[in-house]
Structures are given as structure tokens and as C-alpha cells.
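In the two complexes that follow, subunit A is the common piece, with subunit B as its partner first and subunit C second.
Let's look at the complex of A and B:
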């Protein structure tokens, strides 16, 4: 009974993951690593939401940075009004406002397909960062709003740093998000998302309300972006329009494509690359003693090369590529009694 | 084929005098069709006669300009397509419409009009697990009935056409239909497969009403209790297979053409 339970199985996996991650941040990582790991967790939350929307439900969003912005500003504005509000309340409020925004985008999205939806969400990504400068009294204009770094509760001891605490919060939020999304993707809801992605006509005939399913995918995806946005505000400590340019939306989309479209693990891999590639290539570039205007562009060039190579070598993304290698290895090493895993990328839809 | 007295079983689907126009082109003109419980109704006609359009009107993909469509006495015209499966109307598609990224078993499970609550799904409640298990067992039973249970773990793209055709019927049965609409179930099948299909439909009729659109005239003649012949959007004949075979207008409009094609 217990062994067959998804709740117990997923619950134990994710609980173990949480413990390992929290121990790593406190005993292995230095402050700089914790700072980077926090960013990976934040981007992974947002990218995972985008994976559900784009990879699993087949709706493109070029505006996920804008949705993160809604989450970040919800937290920042509320903290400006009431600096003492607890962090958990900020996270929940940001999820709620962004989820509502996602429902609105989703209702429009349910009527738009492919390039039209991409265009509409692109407009959102471009237009939303203009809003704060028009309502400067609320949103602080281009300067933005400052956000206090959360302080760790006293029982964790005097040596427990703010970086550690924020890393704990971001990682815990990330693990919970992935737990929920993994259950969802695996269950009936995830199946409906894929049915709509691959063949809308057949999905309707099988009793799926396509519009409702697409809106639901948008709300879930936006809620993740809202949570990520709220954490992002705490991480940057200042929320301003410049943090949520089109670049952020495109980076998220790049992350899920490199990582493996439709794979939650891919969202983590992609976010990791997004954060660490510039760190590593930056170190590499400065070791070459190049002039600064060349050295500054080396990370960007390498990022482009990695993107191209990743897509050429792993058409299903890095996570998808490793999954195939693993499957190949298990086939060579011995027969597997497990049913074949789902492919991680959508194939050509029929009809 | 008239095992029961089909004229006395309740009417499941009643289409009366529907007109469907596509930007001035008349696709259906005053078409009527009655399907009773435990009855198999065949719809035949040359290409472009409006057979699939008739199914599309019943499936609510197109809305007729005039006429009524009722199911167990209730109008379908106010309902969206997706509601029909929940009411027990299942339909297969001519183009198969299997989901390429789902396994055969998952494709069949997907045919069950499911409503797992979102929260149960997200938090992996035991109720969601139980429902998955039940659906899995039912889907396997359907695959066994269709004789393709050994392909449950395969992806549809890798399967022969005949197997895919069986999978889509297994999927349609997941809705536990009281009305099964089959769009060209025999197309592309071998003679052996067609015979097995005829046998299958014969066994399914005790559980449901079946309407099928088909080019394979011999197959339709063999399984149907009544046949409706469409030509250029109009019903040109309707009746038992023997009467249709003897009808000279049908022979001119349709059967002659089939011979010409063959």
C-alpha cells in the first residue's frame, strides 16, 4: 500500500533532497556559492513553471520575466507599506497576484495559437517594465523599491548568515514547487496538458475542456513565476524595471530549451547553466589577459556556442540527452522491468 | 443482423433536418438520421457527400443553420464538444488522432473523461493513485478485448495502421459510450482486420448504439441494421441493407462510382 503511493514515494525523495540541499548550504558552500545557488533555485522555479506551460502544454510565453516582475513588485510594494509583514505571507501574496495575472493572460492565450500567442506575450514582456515609471508613487519609478534582506530566526544561532537563510528559503520553495509540479505532470492533469498540446481535436473528443486546460496551465505557470519573482526581490534587495527586461524572459525560455523542453529536471539544468556559465566563463576570460572590451564579451560568445552545441548534440535538451544515454546504458547492462520513460520533448504532432 | 427488434429500442441519437453551410457552400441539406440503442447505423456516400460533416455536427465541431440534434431526447446544440464524452458519446477520427508522446496504454486511459481534482493531483493524494489504478485496469481490459494488449507500452507512431485502428476503438470505449461514432473504421485495414472489426462491432452492439461513416460498402452492408446514403449533402436513401443494395439511385450516385474507382 505505502510502496505504491505516489505521495510517499515523491514525498520521501523530495524530503531527502531538501535535507541534503540545506546541509550543503550550511556546511559546504561559502557565501558566494550560496548566493549563486539561491539564484539557480529562483530561476529554476520560474523555468519549471515555463516548462509546464511551454514544454508540456505547448503554449509559448515570451513574457515570463514580466510575470516574475508582478510577483517581485507585489512583495516589494507590500513591504514598502508594511515592512514587518512575514516572508511567507509575501510569497503567498505574490503567488496569488501573479496567478490572477496568469489567468488573464491565459484567457487571452486560450484564443491565440503559436506565433500570435508569442507576439502577445512579447508585448507583455516589453510593456510591463514601462508601468513603474508611470506610477512612480507606488512603484518607485525607475529607481525601484528597496527590499530588506530577510533575517534568520534567532534559534538558528548567531553564526547563521542572511545568505544561508535566503538560500534555505529559496531551496525549500524550489523543492516544494518541484514536488507539486512533478505530481501534476505525472498525473491526470499533466496528461490532459499533453493531450491538448499534441492534438486539440482528439482532446476535445476525449472530454477535455481545451480552453480551461490552457488557462489552468497558464495560472500554474504564472504562480511559479510569482513565487520566483518574490524570492528574486529578496535576493536582489531592490526591485526595479531594469531587472525584468525582455532579456530575462528570453533567458528563461533558453534555459528550458537547453535543459530539455518538457522536462522538470531540464529546468534545473538550464537554470544552473544560466547562472554558472557566466561565472565560469568570466573567470576563464579574465585568466586570458584580454583587453576588457573583448573579455567582457567572451562569456556571451561562449553562452551562444553552448546553446548551439547543446541543441545540435541534444535535440531533446541536456536532461533529455542524459535520459536517453541512461536508457541506452540500462538496455545494454540488463533488461529493465520498468515501463519506458516518457520522452522529454514533444514530437511532431499528428495531423 | 436483426437480432433484436431495433425499431422498438429507445432512440439514442436523433438528427432532424439539419442544414450546414460553409461560406455559401451547402454541405448538408435537410439531413436526418436516427440511431437506436443496440443498433448499428451505417452512413455511406461518395467523397464530399457530407458524411464526416454530419458527424462533425453531432460532435459539435460545426453548428447547423437549421434542424435539431438530440441525444436521449436532450438537445446537443447548446453543448461544447468536450462535454459529449462526459455524456457517453465517443467518436473516433479518420486521421486516428492518437497522441504520439503518450504510450498506447496512456492513450487509452486518456479516453476516459476524467476529472481528478487538481489538488489531489498536485499533492499526489492516494485518491489520485487509486483512480489511476482503476483507469489503468479498465484500459488494459479494453486493449485485451481489442487484442492489442501486448502493445500497451509502445508508442503509437511505431505501430502498424491496423493496430492503431484498434487502439482508437479501445480509447473510445473508455468513455463507456452509449453512442459510438466511428469515422471510417475500416479504412486501410486488411481483409482479416475488416472481418474482425465486423465481429467486434457485432459484440459491442449489445452495450451501445453505433453509427459509422464508411467507404467500405461491403463492410457496412454486413454490419448495419439501417443504412443512410448521402449524396451532395442530401439523404438520397435510407433503409435496411437489402433495400439500399436494390436502390437504383444509390447505384447511380455511389456504387457505380466505387466500381469506377476500383
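Let's look at the complex of A and C:
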């Protein structure tokens, strides 16, 4: 019953985490912090899905923002048609549609390797936001669709704000997502994912259906992106193509790399950095009285530098860098000279 | 029929710009097995440098030469300083590194040159040529665009196929270890290869800027379409990259002409997926697929 005990342990840890987080949002954080914490939770859900796909299964996606867009538009369109449907139904519907979209992308992606997969997902990230612009009657065109902020249930009291309620929802969704993914990654499915990542030929010889495993990873990853997209729609309160630029896709990928590729904790760390780096550096930049052209771009520049330095100095991500400092240099992390947390993407077959 | 001719000529003109980017990507891919996602941002940056030179009173051609030279320097420095340490690391490191360079360049550009969208001058008129009373669906600048890219390709071909330096560069890309044993400075060849690729990218930036205008992310779509063309062509073959990129240019032009301008990127994506489903290695790649 080792598996059962892992499940119970994870369950207790995550339950405790939920209680702590919900108490923090209600009694410690102010409205602005709650707003940021909600964003961290949303990005972390999406980044965790990408971690499973890229970090654990070895498939690169430069188009995860497009998948989030599918989730966001599912929620927004459904709410436009039926404003009274409960929130939980929206989340489930978004997970479902994005999961199906992920299956389609995954079926195509399972045939592609390395830069070919990267290029296809990059093209998806650029192409998909054009769809709502063209079919304006359904998706509201470039203006997008407005999304009402969910109102907290009355039993929480009159002082319970909408920001708190959205933070609760996003954090609860995040904790559930991480609970499910943590168990999945530790189990047989996770082992198959890693096997396909590390050595496709060996995986096939061991009886793993490589294509099916890759498609499953894509569906799981897309489902997370769908959930995140749905919450994102509530958080922004307006769903429009401009919210899902190439930048979002690239930010998600860089978040999981900075956090430490292949680690779910790294996805949270990366999302936290993604949200708070601009907040902190923005405050710093405005304190220097720089011109707006400079000040507005200081966060982006620092982000680029962090990314470059992280790759050159901490090849296993910031979380990985701290972890190895804590463990000390004596511990051997892998058999090869290469950093173990970054998988070698499948070799391109031609010379 | 006239519309079809217009769309075709437009498609070829844009396709040649994508081809310059595609060729730059393929050169770097063949030499270092890295996709340079910062190629578009580098081109944006050198185009800003050109604009600054031109704004200070220098003629267009001075800006043109400065942009190409700046491209070569940026490409070479990027390879030597940033890319060299990750060349032997897992491929994803290089992906993230080039994304980092992309983000950094797009952040620095508005700091130095201003963030607002700017128009970019043309060396020759970009109004359609009129012969007698009929206006031809082609402008002098379109002819210049196609001609400039063709000349650049021809020069590169001559360098790679007809000079000792080109032979060294090909050897360094083809088999670094043997090349090193034969006394070739492989590192220098890779640096030079990146420099030449970025020069080609800078050319694309100069040619694209009059129509897409100049702003920090103006080359993002051009990069994606060039990359799409390179992938369709198979990433290994320069001829394939050019053919693929011109094909993408034509497809985008037809889709935006006949269906709707906002669906053009979707058209490019659909074509990419169709080609990759039929040939996952692209059209012009003849490498064997590894099978169990």
C-alpha cells in the first residue's frame, strides 16, 4: 500500500496548504496582494501543465498561451450565452474543450521532434489569436467578451470581497491541480512520461506506446492550461485576443525553466517570479525617475537578463540552483555530466 | 485575374523577406544545431540603428551598410559570448537563451530608440510602376526587395561554394571534430557563420520595415513566417528554406487576399501542419528517421 500512503501523505500536505493559503488571503493579504496572488496561482496552474509536458515528457511547447486562450474563450462564450451557469461548470467545460484541443495538437505533435515541434507550436501561438478577431459575432472581435467577476456566496459574510473570493477559487484550483499532478508524476504514468523523454527507443522496447504517452501528456497539459485560461478570464474580466500574445506563451516556458525544469515546485517559483519581478523592478525603476520609455521596459530587460544569466549560471533553474546549494556539492545528481533536470530533447534524426 | 497577379507578386515579395530570415535560421541550425529565436529581434535592433543613422542626415545607403555591419557584429558577439557556453548543453538551454536575448533586445530597443511605432524610409519608390497609362502591380521597392535578397543569396552561395573560407565553414558545420583535426579554427567558423546569418537577418529587417513599420516587436511575425518556411523546407537545405519561405509568402498573400487579412497567420499554420503531417522532416530533408 505504498501508493496509498503517498496519496494520503500528499492529501494531508495539500489540505494543510489549502487551509494556510485561504487563511492568508482572508486575514493577512490586502486586496492588491490577493490580486497578484490570484495571478500567481493561475500562471502556476498553466506552468505546472507545461512542466508535465516539457519538463517531464520532453515535448517543447511555445504555444501554451494559445491553449489558455481556448479555455478563456470557452468560459467567456458560455457566460455570454448563459450568464447564470455556475462557475464550477465553466471551469469543467474549459478543461474539457482545451483537453480536446490538446489531444488534437498532441496527435499532430507526437510525429514531430525538436525544432519541428517548437516551430509548429510557435505558429499555433501566432495563428490562434487571429480566430476571435475574424469570427467577431461569436468571440466579440478585437474588443473581446466581458466576463463578470464571480460574487462570493452569502454565507461568507458581507465583508468578504470579490478579490478574496477569486483568490480562494484560484488557490483551491491550484492546490487541486498540484495534488493531482504530483500524484500522477510519481506514479506509473509519470514514469512512462520520463521514459519517453529520456530514451524513446528504450521506452518502445519496454512496451511503452510512445505516441499514446506523448498525446496523454499533451491532453493533461492542455487541461491545466484550460483551467488556467478559464480562471484568467475571470481575473482579467475581459477576454480578448490581445491577452494571449506570443509573450504569454514564451513567459510560461521561461517560468518553468527559471523555476527548474521538470519540478512542480519550480513551476510555482517561476510563476511567482513572473508576477513579482515586474512589480518589484517596476517600483525600483519608478523610484529612479527615469523616462517612461526606459522605466516601462526595465522589468522586461531584467527578465531577459535573468533568463540569460539563469541559463548560463544555473542551468538547472533557480529552484534547482538553491536546491543544489542546500544539498551541498557532494551529492551526485545524475550519472552524466549534463544537468539532469534539463532533459535532452529527442535527437533530430538526420546528420 | 488581375487580383491573382497582384496577390502572387505580393506573396513573392514578402516571401523573399521571409526567405532571408529562413536562410539565416538554416545557416545557424546547420552550424550549431540551434534555432535562433532572437533572429527577428536582432533584425529589429539593426533596423533601429539604421534609422538613427538616417535620421542624423546620412543617406539611406549609409544606414543600409551600417545595419548589415551591425547585424554581423551582434550575431558574432552573441555566438561567442552567449551561445558558445550552451552549445554542448541540452537543446532546450539554447532555446531559452535565445528567447532571453529576444526579450532583452525588445526591452532595450524602446529604451534607446523610443517605443512608439515609426515609419521607415525606402531607397526607391514603393508606388506601383506606371507604364503609359497602365499601372503594373509591382513597385520599384518590391523589385529592390527581391533583387537584394537574390544578390545576398548569390553572394553567400559563392562564399560557401567557391572560397576556401566557405569550405572551412562547411567543414566546421559538417563535422567539427574532423575539421578541428584538419587545422580549421572551428570556433571562429561558427562565430563567422552566426555573423553572416545575422547580416542576412539585418537585410530582412531593412526590407520588412517600410511595410510592417518599426517597433520593438515588429519582426516577431516575420520571424515566425520565416521559421515556418524553413521548417517546411526541412531546416537542412538552404534551397528548401527559400522555397518554403516563398511558399509561405504566397499562401499568406492568397489567404489574406481571398479570405481575410486576419486569417493569414492561421493559413500559414494550417499549411505547416499539413506539410509536417505528410513529411515530419519537411519537404527537402532526406535524413532517415530513427526507428526501433
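Keep in mind that, in the parts below, the second predicted complex is superposed on the first by the 324 of 351 C-alpha atoms of A that agree within 3 Å, B and C clash if a C-alpha of one lies under 4 Å from a C-alpha of the other, contacts with A are read in each partner's own complex, and residues count from 1 in each chain.
Throughout what follows, a contact is a pair of C-beta atoms (placed from the backbone, for glycine too) under 8 Å apart; a residue touches a chain by one contact, two chains touch by 3 or more.
On a predicted model such as this, the values are computed, not experimentally measured, just so you know.
When the two structures are aligned on the shared chain, A:201 is found in touch with subunit B and with subunit C.
Looking at the shared chain after the overlay, A:311 reaches subunit C, while subunit B stays out of its contact range.
Number of subunit A residues touched is higher for C, counting subunit B against subunit C. When the two complexes are overlaid on their common chain A, residue A:31 makes contact with neither subunit B nor subunit C. In the overlay built on the shared chain, the residue A:10 is in contact with subunit B alone; subunit C does not reach it. When the two complexes are overlaid on their common chain A, residue A:20 makes contact with neither subunit B nor subunit C. When the two complexes are overlaid on their common chain A, residue A:301 makes contact with subunit C while staying clear of subunit B. When the two structures are aligned on the shared chain, A:123 is found in touch with subunit C, with no touch to subunit B. In the superposed model, A:156 makes contact with neither subunit B nor subunit C.
In the superposition on chain A, subunit A positions 201, 204-205, 339, 342-343, 347-351 are in contact with subunit B in one complex as well as with subunit C in the other.
Every residue of subunit C that touches subunit A in the complex is listed here, in rising order: 29, 33, 35, 82, 85-86, 89-93, 95-97, 99-108, 110-111, 114-115, 220-221, 224, 227-228, 230-231, 235-236, 260, 262-266, 268-270, 272-273, 276-277, 280-282, 285-290, 292. The touching residues of subunit A, counted against subunit B in their complex, run 4-7, 10-11, 180, 183-184, 186-192, 194-195, 198-199, 201-210, 216, 339-340, 342-343, 346-351.
Within the complex formed with subunit A, the residues of subunit B that make contact are 59, 61, 80-86, 90-91, 93, 95-103, 106, 109-114, 116, 118, 121-126, 128-129, 131-133, 153, 157, 171, 175. Those residues of subunit A lying in contact with subunit C across their complex are 54, 60, 108, 111-116, 118-120, 122-124, 126-128, 130-131, 133-134, 201, 204-205, 246, 250, 253-254, 257, 261, 293-294, 296-298, 300-301, 303-305, 307-308, 310-312, 315, 338-339, 342-345, 347-351.
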